[in-house]
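Below, each structure is written out as structure tokens.
Both of the next two complexes hold subunit A, though its partner changes from subunit B to subunit C.
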Partner chain A sequence: MGQQPILTVNNLNIDVSTPYGVTRTVRDVSFKIEAGKVFGLVGESGSGKTMTCMSLLNLLPDEAKVVKGSIQFRNKDILNYSEEDMRKVRGSEIATIMQNPMTAFNPVRTIGRHFIETLRTHLPITKHQAREMAVAYLEKMDLPYPKNLLKQYPFQLSGGMLQRVMIAITMSLNPSILIADEPTTALDATNQLQILKQLNWLRKEYDTGILLVSHDLGVIAQLADEVAVMYGGYIVEKAPVFKLFNRPMHPYTRVLLESRIGLTRRKTKIVKHISVPPPNLINRENTCPFLERCEDADHTCSSYNLELKEYEKDHLVRCLKSR
Partner chain B sequence: MLELKGIKKTYLLGNSVWGKRKTVEAVKNVSLTLEERVCLGLVGKSGSGKSTLGKIILGLEKPDQGEVWFQGKNLSNLKAKELKELRRNLQVVFQDCYSSVNPRLTIGEIIAEPLRNYERLTSVQEKKKVQELLEIVGLCTEDIHKYPYQFSGGQLQRINIARAIALKPKLIIFDEAVSALDVLVQVQILNLLAQLKEEFHLSYLFISHDLQAVNYIADRLAVMYNGEIVEWLDDMEQLERLEHPVSKKLLSSVLLPYPGHGSDTKMIY
Partner chain C sequence: MKNVKRKLLSHKLMMISSMIIFIMTLLALFPPFLAPNDPNLIDITHKLQGSSSKFPLGTDHLGRCILSRLIYGTRTSLGTAFLVMGLTMMISIPLGIYAGFRGGWVDYLFMRMCDILMAFPSLLLSLALIGILGPGLGNLILAMVLVHWVFYARVIRGMVLSVKEQNFILAAKVCGTPRLVIVIKHILPAIISQVVVLVFMDIGGVVLAISSFSFLGFGIQPPGAEWGMMINDSKPFFRNAPSLMLYPGMMILIVVVAFNLFGEALRDALDLRRE
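On to the complex of A and B.
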């Protein structure tokens, strides 16, 4: 909508070194996060979604390295930020909600201490004010007895409760970008819906741009404006949400959408068993990542260096046959 | 095959110095029976006590009150040796597949672990058994020498499942075992579990907050709320008959994997 993107990822490539060689974990990934918009990322487990998220925060594990590409944030490349600059950006400007909330907390610190310290690192407020704010945000998340909750330790909460605490902390800092990596995977349907509504409210009210990673097609369908599908480190298809769900072009996207179960019963559903292992990304040539599993593949597929091509306006596909 | 009688579990909360400590009744008075070859789906809001109940069945937590009967025996009265023997028939698969395996062991060793604990096999027999199991869960037999990090989450979860069925247990507890997997892999695993259940006459307790996955695999459904089972459904075809407000709310909150409903209207607005 002519919005100025807040964050632009260009041609991102991440390599991970393993004892067996270098894995091409993320390849040629480009996307934009715009203010007030939700960019959805779906794909196979292991396709590089979390790695992509981590790179936006300059938080890749030691074995992983950005070997090419840029991440523009406020007219500057995040990859060139100093650790000091990055610390300021993290949390207050670019916030994250991670897949496993347990790892985000120090097990020997109470929820309250964690919450209050986080608030005070980023905001000039007193301990007392921070506590009040914490309670208010925990209440917003519909967490019972917030004052009591502040005295508890992470292990005393169920997975879903901990994730809601995490989201409360994040929202209290009102970031301009929120990276939500499987934010509702640990939540029940009622909580999930509520949190997605909160995220939706956050982007409408504060114009927060959201990168939403989820394996749940329901979550993506209901919240994302634009969606990218990842497979084997590549974005294989990218389109506005309606186009992607109504006219999936890439063979992987099609298989993925065909496996939606919704509230159907097992008897009515037959999904092909993919017994071929996922692509070996070590020392891989520039062939199509879906080659080994693709039903539409033929000899031409292995001899091309595939690019993401515009199939129609705003609808990009990385497949020889969908042109 | 499994019977829970009036299970109760209360946790103490916080470490308040003054006066009474707050408590949470994670499970209050839950009774249920699970028959052979049945998959019981257990759903409920987060914090409703599902995992606690699972842990009690597995003996990872002790109930304050109540009894767990498994294969006609009261688990709390058993001696360590008897318990070990019963435990081989009781396996579990947790959501977090990466932390449930030892990263330094090969896949072959991981799957063979329960076999080594319970069965005396020669190394040739063991290898054959492990390869069989890998085939059952749809992985290549060459994978035997690989390490956990070389697998995607979906594959590793299958390895966890292979390990869980290695001893042909009678009951497997799945606690959010497929929740983090992409749909394609989810459906494959659920299909596989349904097939194994018929083939080996297994029973499952399938704990999940995902009503879609539960609906797909379970034969019966229990809805948990605040530590209690508030509703039972014996015929999964009749999902819309669920009456309790909590069940209804869960049902109506399921996000449909289709954007809008033929129009631009979405569920979240």
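On to the complex of A and C.
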């Protein structure tokens, strides 16, 4: 298990046209997700994480377009799917947990109707069977009184419960890939832990490959097997989770790890990173996106062709100065 | 829902206007039982009489009972107004939702078409259409629907645009829900209350427009009873019998005001401004 990747992304490039010009929000992104493994995607806001996720579902907004690259799902390119084929894949094969559980449910419809609608979209079952399935899956998510829950409206539940309901809905269709786009950002710490435990249980129980997107390094460290750090649309560093946390090679990864809040007060060395505004990606030439904010940059960096380099086995870095 | 009900009941204007609408609806539904006389019975010997026990509101220049004509006129006016609104909605709801949800060039084309049609005053455009089609109630309805749907479709499109961007629509898409299901089960329920308010706010205007067309002689043809036409008929006798013009005018006023108040109260009760 886990040898053959289920989903492979190759050299993905996404352009977004804005009134001010064209931005390449995702550049040259490649990764693969294997069954039962968790692939973590970290990066600051606007680094291209969500765009990457949406492209996996073929649900990019109208202004965004994949200009280069391929997304292989079970050896077929998703980008060539018809709208109808893609719809069938969504939910049943590639499921998603949305960022903000409180808004992901239609406020005028009960939990049960959401659940049953999704089940019956993909499975040829009756309403009664769907309801039984829903109850069973809600129970698996440790949700109390699943039968009553089905009759309740989204606003009657807490954010953590809604998130678990959402996971229950996505898992009931037994997808092979689960995209978790910041599943814990809207939740408090105790709920976060529960959600992470449940995600972990899912991949063990169902062998689901998970794409975990977050800007919370703690969440990534908990769950991910392999991590990619995104910055300015590029994957700047990709490595197994322990290697990345123990020996960050890219200067951005280093500042990112340093910026975490620790129990002891440390002297921060990231003054330059904070004082320089984030890079403007509109009409940017192919220079290192971290150039202006980097502590280690020198004159050689401006002519760097941004090639990914393998410094160790599985440890890829997109930097000249990596130590 | 409980909240909405309570708000509606506590609203005084709402109670009054809905009572009026209820009475008007009764008048429109059962004129044969409520009207004291045959509205089309011409009796020149009784022409232009004041009120009496036989003719509570008097008679017109052909000796027809005014009260009976008013009651039968309710059926024409309200019935036509609701028919126009219903048909308009049947066109503008699907088209508005389609344009808003689909977006892209379909939406662009649709919007430009709306712009062109809305560049003309709607009354003028309806008049031109009736001029082409010829006078008559059927043609009047057709002309009004053809002119009015643009406005509503445009508003509905706007509502859909704001709902479409909601996170739960994206969530439904992500779950692989078919588009038609998203439209019927997620988008329609989200906009329908606003559409209902819109309909009730505007139906008074439609009543007014129908009366204006009848006044001009384009609507229902004689001897059928209609308020606007009754005003037109009584023009020559205005000096001798002003009540002839007053009664249908009052009816139009009451109905239009009642519907406007009703629509406003409905809007307050559903609290649409907060959304």
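Everything below uses one rule, namely that the second predicted complex is superposed on the first by the 306 of 323 C-alpha atoms of A that agree within 3 Å, B and C clash if a C-alpha of one lies under 4 Å from a C-alpha of the other, contacts with A are read in each partner's own complex, and residues count from 1 in each chain.
Heads up, the rule we're going with is that contacts are C-beta pairs under 8 Å (C-beta built on N, C-alpha and C of every residue); 3 or more make two chains touch, one makes a residue touch a chain.
In this text, all values refer to a predicted model and were calculated from it rather than measured experimentally.
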Considering only touches as defined above, state whether A:Arg109 meets subunit B (first), subunit C (second), both or neither. second
If you stack the two complexes on chain A, which partner ends up touching A:Asp62: first (subunit B), second (subunit C), both, or neither? second
Check the residue A:Ala221 against both partner chains and state whether it touches subunit B (first), subunit C (second), both, or neither. first
May I ask you to decide whether A:Gly46 touches subunit B, subunit C, both, or neither, giving the answer as first, second, both or neither? first
Touching A:Thr300 in the superposition: subunit B (first), subunit C (second), both, neither? neither
When the two structures are overlaid on chain A, which partner does A:Val89 contact: first (subunit B), second (subunit C), both, or neither? second
Of subunit B and subunit C, the partner touching more residues of subunit A is B
Go through the superposed model and pick first if A:Ser158 touches only subunit B, second if only subunit C, both, or neither. first
A:Asn100 contacts which: subunit B (first), subunit C (second), both, neither? both
Intersection of subunit A residues contacting subunit B with those contacting subunit C? 100
Note which residues of subunit A are touching subunit C in the complex, please. 57, 59, 62, 87-92, 95-96, 98, 100, 103-109, 113, 117-118, 121-122, 166, 169-170
Sort out for me which residues of subunit A touch subunit B in the complex. 18, 20, 42-46, 99-100, 145, 148, 151-152, 156-161, 182, 185-193, 196-197, 200, 215-219, 221-223, 241-242, 245, 255-257, 259-266, 269, 271, 273-275, 277-278
Per the contact definition, I'd like the list of subunit B residues that touch subunit A in the complex. 11, 13-16, 22, 43-47, 51, 95-96, 138-140, 143, 149-155, 176, 179-188, 190-191, 194, 209-213, 215-217, 236-237, 239, 249-251, 253-260, 266-269
Touch list for subunit C against partner subunit A, complex: 103-104, 166-168, 170-178, 181, 185-186, 189-190
